[in-house]
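The data blocks that follow each hold one structure.
First chain A sits with chain B, and in the next complex the same chain sits with chain C.
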Partner chain A sequence: MLSKTATKLGSREKRSGILMTLPAILVMIATVLYPIGWSLLLSFSDSASVFSGKFDFIGFDNYIKAIQSSDFQNALVNTLKFVACTIVLEIIVGFIVSLTLNSQPPGHKVFKLLYTLPLMIAPLVSGLQWRWMLTDQYGVVNNILSIFGVKGPTWFANPTSAFAAIILANVWLAVPFCILVLVSALLSLPETLYEAGRLDGANLIQEFWYITLPQLKYTILTILVIRLADAFRVFDIVYVLTSGGPGNSTEVASTYIYTTSFTRLHFGVGAAASFMSLIIVGIACFTLFKLMGDSEEDVM
Partner chain B sequence: MKKMLATILALAMAISVTACASGGGSSSASQQSGNSDKPYEGTKIVYAGESGSAFGEFYKSVTPEFTEETGINVEFFEVAHANTHDRFLTEALAGTGSIDVYQLDQPWIPEFASMGYLEEVTDEIKTQIDIDDFSESGLSTMSYNGTLYGIPFQYHTPVIFYRTDLFEAAGLDSPPETWDEYREYAKILTDEEKGIYGTCLEAAAVLEPVTHFLDKILQAGGNYWNAETGEVTFDSPEVKNALQWMYDLQHVDKSSPEGALGYENGDVYNLFLEGQVAMVSEWPYFYAGAQDPEQSNVVGKVGIAAPPKGTDATSALWAFGYGVSSASKNKDAAWMYCVWATSKDVLTRFSIDQATPNPRASAMAAIQDSSEVGDDIKNVLGVIDESCLRAQNVTNTPYFPAVQERLSLTLSNVMSGITGIDEEVAATAKDLKGILSGS
Partner chain C sequence: MKGYKKVIGYFIKYFVLFLTSIFVLFPFLWTLITSLKPEVQIFAIPPIWLPDPVSFKNYIDAFSSGDFVQRFGNSVIIALGSTLLSMLIGIPASYGFARYPYKGSKTVFLLITAVRMLPVVVLGIPMYLMMRNLGLLDTKLALIIIYIPLQLTLNIWMMYGNFKKVPGELIQASYIDGLGPLSTLVRIVVPITVPMIAVATVFSFLASWNEFFFAMLTTSSARSMTLPVYIAGNITSQRIFWGRMTAMGIAFAIPAILFTLIAQKGLVRGLTAGAVKG
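Moving on to the complex of A and B:
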């Protein structure tokens, strides 16, 4: 009898739970699942389907076209380069700043407020701001460099400096997130470990290498997963700063997909390219999750 | 299926347009007034145009007059110039009818027309606007396959703007007329120590610099294709000469700032108004900006001349116009706006305000006859108008946006030295064949 009542109550709770989450589920289906499903269908269809409204299946043709396209290959290589550079720099700068803040130097409270500001700025606005700042003839960055007798580069005129400009702008935008997460994690580390280390004669570098870094392994992996997915889909900064130029030296997957779809009107190829990008990000994230799983076991 | 597509491709667009447009009157015909003088009173139309442009601002400032005359409310939905094609295409694909009047940019008119996204200009509208008052070249920019899809309110082509004070100081009596003179003068006028460059090119990998590249191709006697036969003519000595001339100006003479390889129009505008460039081949709006003391260091020091002649005295013709979306639910009210916005009175005021010509002969004649318009403006408008009459329409293919995108890569690759001229021209010609055949 009791179990029947419990079952009844349980199913009632289940029903109200479903009812309560239903609106969110429906919104998710309409705004996430449906467009993804539609795009998947488009990636196997002729681009003209977008105009005719009827899907004309052509198998893997769009995928083959994208893979064979030197533009897409170039965009993928650039994206991987971008992701690797930006994430490494974000982690390094994030660590330097968060360790400094953790030692509570004078003015750290004001700085804590300041470093979060980029988080509140839209990437598009940030891109425009950096474009103005890096313009060679009247930009503030080269102006400051000239005060110190340094001739600033013509940022957008050659592939290397254009790539550096994108990385610089993106790191500025993304590093506050890393700092925020790392500062929180550092605060939670038990002081006893450091005391034990110091008793064993560990210096600052050894403390960092043998205590801080292993303790933050899980945090770093979390940052990596989030930032990897985010960096891989970079669009605004590149679009505003270089539009993929000079030539197509800073073209990334997102700008390639955008141009292919909306300028060349090859919607099918664009959809196929976006799914291949999704697969690559998926594999990378899966690998990191796997590492994260191992890391959790290590921690246990 | 089309509705589904609409939902996906244009959800954000529709929401933003609706959001922009909210607060105005209803757009349904059922709300039309019974007033016969103002049959569409209370109707709301959405005008989709370019944000931040001088001519867009002009139309925003005068549109309340239209509302007063007709009772039709006009809501402005604006997008940055670089994104107008993509945003408006998305809306057109969706067919939601959230846009009524397009501020048409010539490069994408054939594409939109071929896909049925634009209403044709009917005989009735042609009568209302007095079609014979518009220049043929102006109307050609709004046409596709012999059918008119929009009414032009502005046409222009890049012309030379030069610093009269710097020319005088350098002992140069008159502006350059030919490519050779342009190159020679630019070299003479360059003084890197003083931070002055003879000229300034644009070679960023974006669409706008392509318009200047096309000028050079036409002036060299070439073209990217033969519109009559459909043959791609890009791999030619003329196109190579055009690229070589630009490359030499930048890298051999060093008459253009090093950073020009990453510049687009706005950068050149800023440098010219700052006083760092002696001479540019640029858009007519430069003149109005250069005469504005609030933003210019070169007020009263700017002269104007026709574009430099290569083997041919020509350039590419570009225009903006007004057209009606075929998905519009307020077509009559939208056409009323187009007719009003291109009327003689509005276009006369437009050209005086913007120092840019328009294709309506009576409006241009009124300006030349007016005693209230200064000789400097008359001269500027005269030079640009004459240059427009020699200019050519290069956008006569539905694939022009893709052509322009490919040519932006060509220009950027060559000017940045990423690829050599011969190699890049051959690769571009191959790609253009694919693009223009629709594959």
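Moving on to the complex of A and C:
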């Protein structure tokens, strides 16, 4: 299909394609590709290069330093834990809510509108809101819990609850995305599939497992790619909520790289660590894309 | 029996919907409520559910200090400036990728959309150092330059599908009328794809308005600092100014909410661009 249209296009059309896309390509080269290339050189250079203005190459030293640093290892483990927890929660809540909305009980449109709110709110503000709600004595969450006789934790003093807090703030921000994307994907599913399923006597769970889930494979993978990349680079929420604490129990890759570069001024190590994160995200997204390509063939 | 089952079904459904709505709405409402309380009520234990009396003192404090208003202005200039530029560059690019493919254009398109996946810290280090070398640290221009690619990766991807769906006959007809590809885009295609363009504009605006990381890295004084950085500044090592901060947070969120509601209808379509087939 694509090649057919391409052969039909004259050279003038081809030229207009290049002309129309050129400004964007040049901007991307200048503001993304060039900085990344520059940073790549920096990752192989002594951090002092930043101040002398000349790259002083030291091979893989920065990479080795980063890998061997227990802080970076800790940050990577935390990041992976964070990504896994937040995505699993988002998908589960997303499915429960979107399936409920899809059965279209009266008023479902109002609920759908309400769910869009966090999409407009800055991650920073989400962090502040949760920090305020989870505050030790004045915090509304622990006060509500105490009504039910539950004694809430001192959220930011304990590693587990501090970790739960950043996940909570992040799920709050991201769950609407999952809900809305799943709802519109569910809407696009052909009703005939379900009629066939009902004829075969499928119950609701079988229907979900054998009809809905396989049909939504492509959508789920897309959500995963986007959410994985977003969760992996989480910064704002951690920065405002816990600043990585208590200790370094909520330190993630971004906050580690930030402190290494901008507080300790080890720009070379920071750059090296940032490229290792990039490689991890790249591999994860590439794998999902591969699966997506396969699922596209399945559906067609 | 059937009616009984139906009632239970509805009960479960509304239970799920109400519970999640509370989860989604409560943090924002609580911030709003806090911002409308006088200081003593903010720190009451147990918490006071509704401010009594409603006090606008936190808002008056925020807006009467020139600082907040100036940061507000910076945020507006940077968000509008970068959004305008990124849409001007993004519309023809997205249309070009969708309608006039050339050798390698598909790869370039995928690379541009992949920028969305990039961990921000990867760009943070070089951007900071390069802006420093260019003498652009602490300027509005630096943030506009940094935000444009972040918006382009979003809006080129969002509009692509819609530009692909524009009927070919329409474009052929405008060629016959003597319009070139670019004037076809401006006079024929843009007017019929306005809804999607509006959504892409909203998402680009939000990406810039709500951005914190780069703003914190590159801005330090009144002449360029944006609101997120200023609001976060209410957290000091001694104490946190919750009243002022919640008021600022609400004042900061309102333009984003209003702006988004304009494009409300197409919002979901923007989100799902590419994620839902057919």
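The rule is simple: the second predicted complex is superposed on the first by the 291 of 300 C-alpha atoms of A that agree within 3 Å, B and C clash if a C-alpha of one lies under 4 Å from a C-alpha of the other, contacts with A are read in each partner's own complex, and residues count from 1 in each chain.
Methods note: a residue touches a chain if its C-beta (ideal position, glycine included) is under 8 Å from a C-beta of that chain, and two chains touch if they have at least 3 such contacts.
Since this is a predicted model, take the numbers as computed values, not measurements.
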| item | value |
| --- | --- |
| Side-by-side fit of chain B and chain C on chain A, or clash | clash |
| Partner chain in contact with A:L101 - chain B first, chain C second, else both or neither | second |
| Partner chain(s) touched by A:P35 [first = chain B, second = chain C, both, neither] | both |
| Partner chain in contact with A:G270 - chain B first, chain C second, else both or neither | second |
| Which of chain B and chain C A:D136 touches, first, second, both or neither | first |
| First, second, both or neither for A:I58, with chain B first and chain C second | neither |
| Touched partner set for A:F262, first chain B, second chain C, both or neither | both |
| Which superposed partner A:N158 touches (first chain B, second chain C, both, neither) | first |
| First (chain B), second (chain C), both or neither touched by A:T242 | first |
| Which partner reaches more residues of chain A (counting touched residues only), chain B or chain C | C |
| Touched partner set for A:V50, first chain B, second chain C, both or neither | both |
| Residue range of chain C overlapping chain B upon superposition on chain A, of 24-32, 78-86, 114-122 or 132-140 | 132-140 |
| Residues of chain A at both interfaces, chain B in one complex, chain C in the other | 31, 35, 38-39, 50, 53, 137-138, 258, 262 |
| Chain B-facing residues of chain A, complex | 31, 34-35, 38-39, 50-51, 53-55, 135-138, 154-159, 162, 242-249, 258-259, 262-265 |
| For the chain B and chain A complex, residues of the former touching the latter | 1-2, 4-5, 8-9, 11, 85-86, 89-90, 93, 115, 195, 203-206, 257-263, 267, 270-271, 274, 276, 401-402, 405, 408-409, 412-413, 415-416, 418-419, 435 |
| Interfacial residue positions of chain A with respect to chain C in the complex | 2, 5-6, 9, 12-14, 16-21, 23-25, 27-28, 31-32, 35-36, 38-39, 42, 50, 53, 93, 96-97, 100-101, 103, 105, 108, 111, 113-126, 128-133, 137-138, 140, 143, 146, 172, 175-177, 180-181, 183-185, 188, 218-219, 222-223, 225-226, 229, 232-233, 235-236, 239-240, 253-254, 257-258, 261-262, 267, 270-271, 274-275, 277-278, 281-282, 285, 299 |
| Chain A-touching residues of chain C, taken from the complex the two chains share | 10, 13-14, 16-17, 20-21, 23-25, 27-28, 30-31, 34, 42-47, 89-90, 92-93, 95-97, 99-102, 105-106, 108, 111-112, 114-130, 133, 145-146, 148-149, 152, 156, 180-182, 185, 206, 209-213, 217, 228, 231-232, 235, 240, 242, 245-246, 249, 252-253, 256-257, 259-260, 264, 267-269, 271-272, 274-278 |
